[in-house]
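I am attaching a structure below and will ask some questions about it afterwards.
Naming follows writing order (A, B, C and D), and every chain is counted from residue 1.
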Amino acid sequence: MANSKYEYVKKFEVDDKLPPHNWIVLRIDGCHFHRFSADHMFEKPNDENALNLMNICAVTMLEHFPDIVFAYGVTFILKETTEFYQRRASKILSLGVSYFTSVYVMKWKDFFPHKELREPPPFDGLKVICCYPRAKIVRDYLAWRQVDCHINNQYNTCFWMLVKSGKTEREAQESLKGTLAKDKNELLFQQFSVNYDKLPAMFRKGSCVYVDKVEETVKLDDSGNPVKRVRKKVTVGHFDIIGPKFWNEHPYILEEE
Amino acid sequence: MANSKYEYVKKFEVDDKLPPHNWIVLRIDGCHFHRFSADHMFEKPNDENALNLMNICAVTMLEHFPDIVFAYGVTFILKETTEFYQRRASKILSLGVSYFTSVYVMKWKDFFPHKELREPPPFDGLKVICCYPRAKIVRDYLAWRQVDCHINNQYNTCFWMLVKSGKTEREAQESLKGTLAKDKNELLFQQFSVNYDKLPAMFRKGSCVYVDKVEETVKLDDSGNPVKRVRKKVTVGHFDIIGPKFWNEHPYILEEE
Amino acid sequence: MANSKYEYVKKFEVDDKLPPHNWIVLRIDGCHFHRFSADHMFEKPNDENALNLMNICAVTMLEHFPDIVFAYGVTFILKETTEFYQRRASKILSLGVSYFTSVYVMKWKDFFPHKELREPPPFDGLKVICCYPRAKIVRDYLAWRQVDCHINNQYNTCFWMLVKSGKTEREAQESLKGTLAKDKNELLFQQFSVNYDKLPAMFRKGSCVYVDKVEETVKLDDSGNPVKRVRKKVTVGHFDIIGPKFWNEHPYILEEE
Amino acid sequence: MANSKYEYVKKFEVDDKLPPHNWIVLRIDGCHFHRFSADHMFEKPNDENALNLMNICAVTMLEHFPDIVFAYGVTFILKETTEFYQRRASKILSLGVSYFTSVYVMKWKDFFPHKELREPPPFDGLKVICCYPRAKIVRDYLAWRQVDCHINNQYNTCFWMLVKSGKTEREAQESLKGTLAKDKNELLFQQFSVNYDKLPAMFRKGSCVYVDKVEETVKLDDSGNPVKRVRKKVTVGHFDIIGPKFWNEHPYILEEE
């Protein structure tokens, strides 16, 4: 039976190849994540298990897709020269989101052994696929995300401290309205004896996942000198990525061709 | 801390709204599904449990996303006038794929209680998002898929019959080379006493999922006459969707505005 | 000398094919046409020569590009099934705009024998290329343009009447603020004894260009009966295209496949 | 009269903004230029008047659109940071092509006082609009064009010499088949005593148009020292743009932000 009569429908397919020589950013995000965290009673403002589950998903992504050179939270950077799926946006997006979701669901019980996953985690891509023409702009993108992380975390830390101390959510919101960064730090210190800068870096800085190059001694040679080799290892860290320090120490991550 | 210095990176976001008054087709597909089925020892040529798991996922999709009016296998049709996520392709794609994947992983154990899910199911969107300007063309698209299903199933049925009867995969392939539909039916009948047309419709026709409108008697009124109402029910069926019969009986599914 | 070293730059080309089975609308427009008309002292509110020049350009377009089935002013409709330049948006756009511009400049002197063309006419495509999935929507698009033409022309007629009668442009603007269609007709009639409906149809309705099918007698046959044939002729008219009459009389123009 | 009923048609408009921080290349080209040159009896292989007309058009483009930083032949480079028409591809394309065409038609008689322009010049955009993420790639693009110009010109020079010396076009084609660059130079020298490298640079190198910064003495100051200023001047040249020399001398042309 010939299929040709209907095959014209294939002509509606759209070529969605991303332009060459651009870094590809895939940002998975949760559209109704607030409700999902409430339903699963995540701790506020930060649930360490939930964050570690996310990080394991990110690590698995880097291990599975070698062209991902960096992840910050749920934002993944594919290297400028990747030819993964011929750079087709919809393939990269759907494969990445599907894989991430699978790992999240499959590893849930490792991080929440006593909590059942009650509904599908609502991952979609908030600002799904973007192309950035230069490493410098990718760094600005990541800085933008980390500034955002900081602002949100500082606010949420204050908010939940106030709520846990007896305020209603509305009252907490009111008392934070218009406050600056230093006001919030002051509030934490004065009212709750919390030094914001001493809170875990994972909360304040977010999580970076990347391939680290670790030099290790394999054996000693015949003259007794150490024989070294560079081993690649997917690593999670909670660094400042706004300043140049991290990037200077890991120049190979965003190296332009 | 002002974020404005980095906010220019948002300008790289692309508007990917799909054109109005077009039917949207989302086709989820498995890129390395052969390996996945082998790893999980799915029955050949058709694993009933695996198909039923797929169908439950499709049913859940229609229940969760009310703008999906029809599914054929893993192809989903969104109604022409949907404003779901402002018709943004990447949102529809990522949310659909993520939800489908989650349900697949979460329901796995209901269908394979004695088989562990060993790796993420490899769903990506093969021909991810297409726009079809008329209901007529959507029907041609679905016909194209059903013809394809038929051709593949007939071939696979023969192939695995031959293999199970002692041929190598290579020999099976050789003996099917160049055969027509009627040759294959003849082969099944002569060598294996199998009447292809009597095989389960789910294998031959694939699975359609849609909202059926069922009329039911709620009670009798004071005069003893039945009071009826139309109830909507997500339904799975294995019909011919190439001819007009199904569509004539369910005109509301692909109704143009 | 091999060129291959640089040929990678071709990979940056983008596929911009318009989707099949959609009507293509090319709308050429003048971005700074006000200044251009002032510089060339076009008559206000309508310069008949300028309009006729535009119409000749549109006629030439239909003669030169057989897939253009209809023009309204400077809006051109390409038939749903056109394969002109493989439906590549940028080719259709640039070729159409270039051809239109050339004809405008080359024919200028036929319509303005005593006026020199002092600067390039500023044609660009205001809402350049659109795809419309159904003939019904193309008709709505054209209706939208004709309503717009009517509203603008009525306003401009009043405005220039007032200005020519001694008001400043500002005063004219003020006295028209907030007036409805019937107020404007009343104003024209009361103050200037002008019956708006008697003004030339070209001003009120705009110009339609299309291929008319004219039946004509070629000769008499041996029995003395007329032998007729249908001749195609690019025709300019100033009809109402909002109602169904014109379309009912010319069903072949927007016929869907 | 309300227009709102039809205004939904505007929703079909597509956002075609080009991504930020990319150099924009607009390449106008002639789709049937061979026929056009034959019809107007341009000299072979190069018609100096026709080339000079093209160059004047390019100069006028740079004067009119200040964001064009460089032209090579009919390829125009818009600076990386241009916000011209909000970087909308269709606007840049249609406005550029329309302006170029107008100038070509209007200036025709200055270059061909005794030849009538018989038909619209067939300009369309062959590879219309491309985005290049780095100055380095723009240079490779231009190098690619200049290599192409060289190969074509060398071939055409040989071809027309042979034809003018009595060969048929077919014979000329045959005798050039498979020849290398040095064979062609040899042929020109042996058979026609032509030293290819002595032919006009405009033929061999093509034409570059750019804004040159010329230092000039305005006056002498009170102490008798020259007061200088930098004057910008649109300039045509026929340089090598494959090597670094020109770019080192004019670093401001492709300066990245």
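Before moving on, here are some points about what is shown:
Assume a contact is a pair of C-beta atoms (placed from the backbone, for glycine too) under 8 Å apart; a residue touches a chain by one contact, two chains touch by 3 or more.
Bear in mind that the values here come from a model prediction, so they are computed numbers and not experimental data.
Pairs C-D and A-C differ in how many C-beta pairs touch across them, and the larger number is found at C-D.
Put simply, the C-alpha centre of chain A and that of chain D have 46 angstrom between them. Averaging Cα coordinates per chain places chain C and chain D 32 Å apart.
With centres taken as mean Cα positions, chain C sits 52 Å from chain A. Looking at chain D, residues 8, 12, 14, 19, 131, 137 sit in touch with two or more other chains.
With chains as nodes and touching pairs as edges, the resulting graph is complete, every pair of chains being joined.
Interface residues of chain C, counted against chain A in their complex, comprise 8, 11-12, 14-15, 17, 19-20.
For chain B in complex with chain C, the touching residues are 19, 21-22, 131, 133-134, 137. Chain contact summary for the complex, chain A toward chain B: residues 1, 3, 6-10, 12-14, 28, 31, 89-91, 93-95, 97-103, 105-106, 117, 120-125, 127-132, 137, 140-141, 143-144, 147-148, 150-151, 181.
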